[in-house]
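Take a look at the structures below.
What follows is a pair of complexes built around chain A, which joins chain B in one and chain C in the other.
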Partner chain A sequence: MNKLLSRFPRENGFEITLAGFALLYLLLFAGLPLLYNIVLSFQQVDLMEPATLLRPFAGLANYRDVFSRPEAGQVLSNTLQFVGLSLLFQVVIGFLLAMLFLQDFPLATFMRGLFLAGWIMPGLVVGVIWKLLFAGDYGVLNHVLTQMGILHSKIFWLSDPQWSLYAVIIANVWLGVPFNMLLLSVGLAAIPADLYEAAELDGANAWQRFWGITLPMMKSTLGAVVSLGAIMTMQQFDLLAALTQGGPANSSQVAQYWSWQLSLQTFEVSAGSAVATLMMVLVLIVAVIYVRSTRNERMV
Partner chain B sequence: MNIRISALCATLTLALSSAASLAATLSVWAVDEPDNYTEKMAREFAKLHPDIQLQVRKVGFSSLNDEAMRAVMSGNGPDVIPIDNPNTAMFAAKNALLDLTPYLAKSKVIDVKQIYPGPLKNASWNGKVYAIPRGANTLALYYNEDMFKAAGLDPDKPPQSWDELYADAKKLTNAQKNVYGLAFSAVGDEEGVFQFLPFIQATGADWDKLNDPGAARAAAFWQKLLDEKLASPDTLSHRQSEAAATFINSNAAMDINGPWELMAVEKGAKFKWRVALLPPEKAGGTRASALGEQSHAVLRSAKNPQAAFAFLEYMYSQRNRNWNEFGMLPPSKDTVTKDPKWPQAYKTFNEQMQYARPRGPNPQWPKVSKAISTAVQSVLTHQADPKKAMDQAYKTVEATKH
Partner chain C sequence: MDQATHRIQIENLSKAYGPVQVLKDINISVPEGRFVALIGPSGCGKSTLLRTIAGLEKITGGTLRIDGQIVNDMPPRKRDVAMVFQSYALYPHMNIEKNMSYSLRLKRSAPEAIRQSIAGVAETLGLGHLLERMPRQLSGGQRQRVAMGRAIVRNPKVFLFDEPLSNLDAALRVHMRAEIRKLHHRLHATSVYVTHDQIEAMTMADHVVVLRAGQVEQQGAPLALYEKPANKFVAGFIGSPAMNFIEGVVGPDAQCVLFGGAARQQVELGRALPPGQPVWIGLRPEHLRLQGEGQSVQGVVDSVESTGSMTFIALNVDGAPQPLLVAHPGTVTAAMGDVLKLYIAPQQIHVFDKTTELAL
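Up next is the complex of A and B:
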């Protein structure tokens, strides 16, 4: 023990204490619940039994149970679409907006601030507002689209299984764009202006400057934004609760909401924990990518 | 001693002794609903018993089950919780609720024999009573008299069979004016199941007989209403309150809904309306309707069950106010509603109540409910054919019995 401690220079005691608190916090409030969840997913759980660690061991039965359910395939495909499409549009739109607001025009910073308003609102509130927009018979969205001649008959966004997942994705993209824009703006602002000046002198046009300077310089920021966005999208719950609750008939069901429904609506905690554990593995993979991309950032 | 004085003394001692035994904190959960029933009752009760320290916490109706479940698990729950009536069995089977039978045997306020069999069945498990119904409700058919007349229908002859319901809805639907013939809720949770069960029960099927061909016929009937746009496609995501709102705004000519919407209808509807019994499948056939409403139960972990039960007694003693103040039907035969508001609706809902069937009991009701709502929604969205969907749900329900 003494040997271990002596490896740290004595004057770093303060930093070690701080790190110790952070570590303890993480262990208590993130580590233990995560472990507990993994344990639950291998056990037969009855929610009303007193909380204990010793429950009948179920092996992989809970995982087999989850995958054998008729909705499993649909949930998997929905989750991939939900995360993939949300990310794609959030990053692309966020990037375009970030570049737009980097230009010098009147009220640019003010408008960028306004965009953040969407991000401050709780998901549940955003969900309620989007539910009004998406309403089939009297919704604003259908009204505007028919007035513009884009639609000839109403789309029942939240009740039509062809559309429900995409309705949730649209709302989620709207919710995530400001955050992406903010992070990407910071990244863009950090690119030295003389790089662009030099390129311009060398005769590079705007298109070439984007591909040759902006994109390579933004690589690590983009990596971070994509991974954070993926984690946030996989956590998205409030919007789903307010908009479709995974329906109709599981057409907009995604893994995180399914896990909650299993655990706390039908009280099949074992199955719910199995889904949550699978989600955690996914998040872990993304987190590794995030850590790697921010490590690059430091080296730049 | 004079009889009067002795009676007075007895009352005094009773009051004193009960006051002494009640000195405690009483922690009550109330469902976050417009009528605010439980909280109002708790405040009145606390006023009568100044020695009781009342704590009220509002809980969302849709999260009632999981909040209560977690409270039970942590052993740190409130004393009194509201339970949506089909879920009493689940909590009772898990040994979370106080068996009220011994308290009821001594009670001078609640006479169990007076409680209607349906609500009582939903408050009991294995022959013991675990909750006291605060009232009862059921579903009936609201209809817009003015629209009936405009469509050439006789408001004195509301639909008497599914065929008539379909035909009337068709006549009342006017796509140009954004009017649907019928509004109801097929939303993917308990509310949608609550609305669907009366239809399958009218055919002779039931929640535990979903393989009966009647269940598939009921699902196919709902499918037809949606396919032909006699009801909004958003029926799949509308809650009952949203269905009621379309009726109130004259965007639907008929609405399947409960008495709790009466106040909203009265306040909002700018037309003449009436309430009719839900039609049976064939004219003169079996009638059925849902049986809803919450009950109140005492958790086994309650620190002062005496005070908690006294509160249940107080709520029950106020049942004469159910209809006029809270839009609830009486829970018992001995309830007297003076000058009922909306006399026509009062009469119809009371008559409808005779056909109301309890949901369950099944200690895994949430699982049963989920299986039914998934089946209904997959039929309505044409992802499964009615027979196949109902057979699948039947299997899931059967599995809960083992």
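Up next is the complex of A and C:
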């Protein structure tokens, strides 16, 4: 082994090799499929010849096709709501829980641990659990809400087009809260206690300490949590598959699921790739924002 | 003095964390404009006492008054006290100006008034050119100044300092010590200053409180503590290098102390003590002389260290748990193994009861 290592040039030879392997891996298993997907989205795909690479160039026809479909507007609006509302509630609830568990009360650590249990379950399992909770006639949620007097008639969460998207969002929020809470807890715990003490002596009440110290000190963590949450929400698939499959009548259809349906259920591969490529661009934009926010982290 | 002239009045204060009693029966009065130093070994409760004054720790017994008003249950932000933390605790996300103006902005002072008072304080502390910088872009000494500036800007009733100089190097510490003293001279701000450095306490304070294990051992003017320590602990704690102790017994004539085992030695005290009483005698290193008159102690030279201006000689003397240290001005020619005789005036000899350790 030593002989092998000594054959590399003294400077960084070993490191360059390691980095090379990592790059090669990325290129093969992440880069190529992405590239292939982008290429597909500009081609006219004939399912009779799935193995060829050289297909007729279609220009932007696939993109125009996607946007001209009747459901396009709804999918766009659904996707924005799905990502926006999921993020909003995940971050706000996660932040509140993180602050709650930072307080010193009995079993705080234990309860925080419990919250993570939901996180280790596969999305499909979570989907099935929520399907039971949401069920119209025998669902737990309806039962509880009517018992509490909040509801007077049952809501058919998953089959009512008015509610299906929000049902999916609720389940997704539930799935995302532990992750948000965990990252935000770490950020909160890293704020030195003497800053709060100094602020208190400077005359700040709890509310002013939150706006003057906590929030600005959490800026980079929040940036990271929001970007990662956006990416994870835009990737959310299992939950949708388990709960509504985009239905009924596309009422809970979102871009990532639509792309999969187009490509692999109705075999309109070109349209599916076009949607996937658009999603990729969005994720990329968020990723850049994320990288920038973590770069600023060192300044705080 | 009556209550009104006392800025801070601490009566029978105690503080416990669960079953652990950290402060016991503390009584301290700080008149307005006074500079008080709290001093004691690590873990004795100095920071805790300071934090109870600030309101960051709740007291579990006694009363605490600021300007005559009981503040036992008053939250920190209502007490009008400012604190300089050991870590400085500057707000990392605010520049220096924002750091110093935070309290004024919370009070919704007029922007022009804020600007003026910041400019004034920055001028005093030599921070004028740093106002736009972030805390991370400052050196330790500069951060220390900003922390002080943040307190001064508020013009509070009381300044609290928790070992503010302990993160600075020796030269800067001496410099800042003088700066703080000058500032206090000018502002006459009532200050409580925690330190474990007795030189800081002695040189800066009007009044020194010596704490041990959560209790006040002695308090008073710095020189009073140096000249008349109430017990062996204070005697050993105040003064640098520390006082030497030798175990002995009051002689049959009640006027002298015998010590030194087989090589029997004795010192005359010039006052009477009960014959046969076991005692500690305390001799300050700077009071021992190689020539002179008065009482003498004999020992064998263990080591000699010279700094040019001072020579430190350690002597082995029977009955002394540690070698006797002599701080002699100038250079002294002595070698290891030499037998030396040291002289001291009788009134400079301290005597403490062997068991109670109280001064006799």
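Just so we're on the same page, the second predicted complex is superposed on the first by the 285 of 300 C-alpha atoms of A that agree within 3 Å, B and C clash if a C-alpha of one lies under 4 Å from a C-alpha of the other, contacts with A are read in each partner's own complex, and residues count from 1 in each chain.
Definition applied: contacts are C-beta pairs under 8 Å (C-beta built on N, C-alpha and C of every residue); 3 or more make two chains touch, one makes a residue touch a chain.
If you're wondering where the values come from, they're calculated on a predicted model, not measured in any experiment.
Peer 1: Which term applies to chain B and chain C once both are placed on chain A by superposition, clash or fit?
Peer 2: Superposition check on chain A shows chain B and chain C fit without a clash.
Peer 1: Quick one: classify A:P161 as touching chain B (first), chain C (second), both or neither.
Peer 2: In the superposition, A:P161 touches chain B alone.
Peer 1: When the two structures are overlaid on chain A, which partner does A:G246 contact: first (chain B), second (chain C), both, or neither?
Peer 2: The answer is first: A:G246 touches chain B but not chain C.
Peer 1: Please name the chain, chain B or chain C, that touches the greater number of residues in chain A.
Peer 2: In the superposed model, B touches more residues of chain A.
Peer 1: Quick one: classify A:D202 as touching chain B (first), chain C (second), both or neither.
Peer 2: The second partner, chain C, only.
Peer 1: Taking CA centres after the superposition, what's the angle at chain A between the directions to chain B and chain C, given in steps of 10 degrees?
Peer 2: Result: 150 degrees at the vertex chain A.
Peer 1: If we overlay the two complexes on their shared chain A, which of chain B and chain C does A:E15 touch? Say first, second, both or neither.
Peer 2: neither
Peer 1: Quick one: is A:P216 in contact with chain B, with chain C, with both, or with neither? Answer first, second, both or neither.
Peer 2: second
Peer 1: Quick check: superposed on A, how many Å separate the nearest Cα atoms of chain B and chain C?
Peer 2: 52
Peer 1: Okay, in this complex, where on chain C does chain A touch?
Peer 2: My answer: residues 54, 56, 75-77, 79, 81-83, 85, 87, 89-93, 102-103, 106-107, 134, 136, 150, 154.
Peer 1: Which residues, counting only chain A, touch chain C once they are in their complex?
Peer 2: 192, 194-195, 197-205, 208, 212-213, 216-217, 219, 299-300
Peer 1: If you look only at chain A, which of its residues touch chain B in the complex?
Peer 2: On the chain A side, the touching residues are 46-48, 50-51, 70-71, 135-138, 156, 158-161, 244-251, 261, 264-268.
Peer 1: Name, in rising order, each residue of chain B that touches chain A in their complex.
Peer 2: On the chain B side, the touching residues are 65-66, 69, 72-75, 94-96, 178, 187-189, 232-237, 246, 251, 364, 366-367, 370, 374, 377-378, 380-381, 383, 392.
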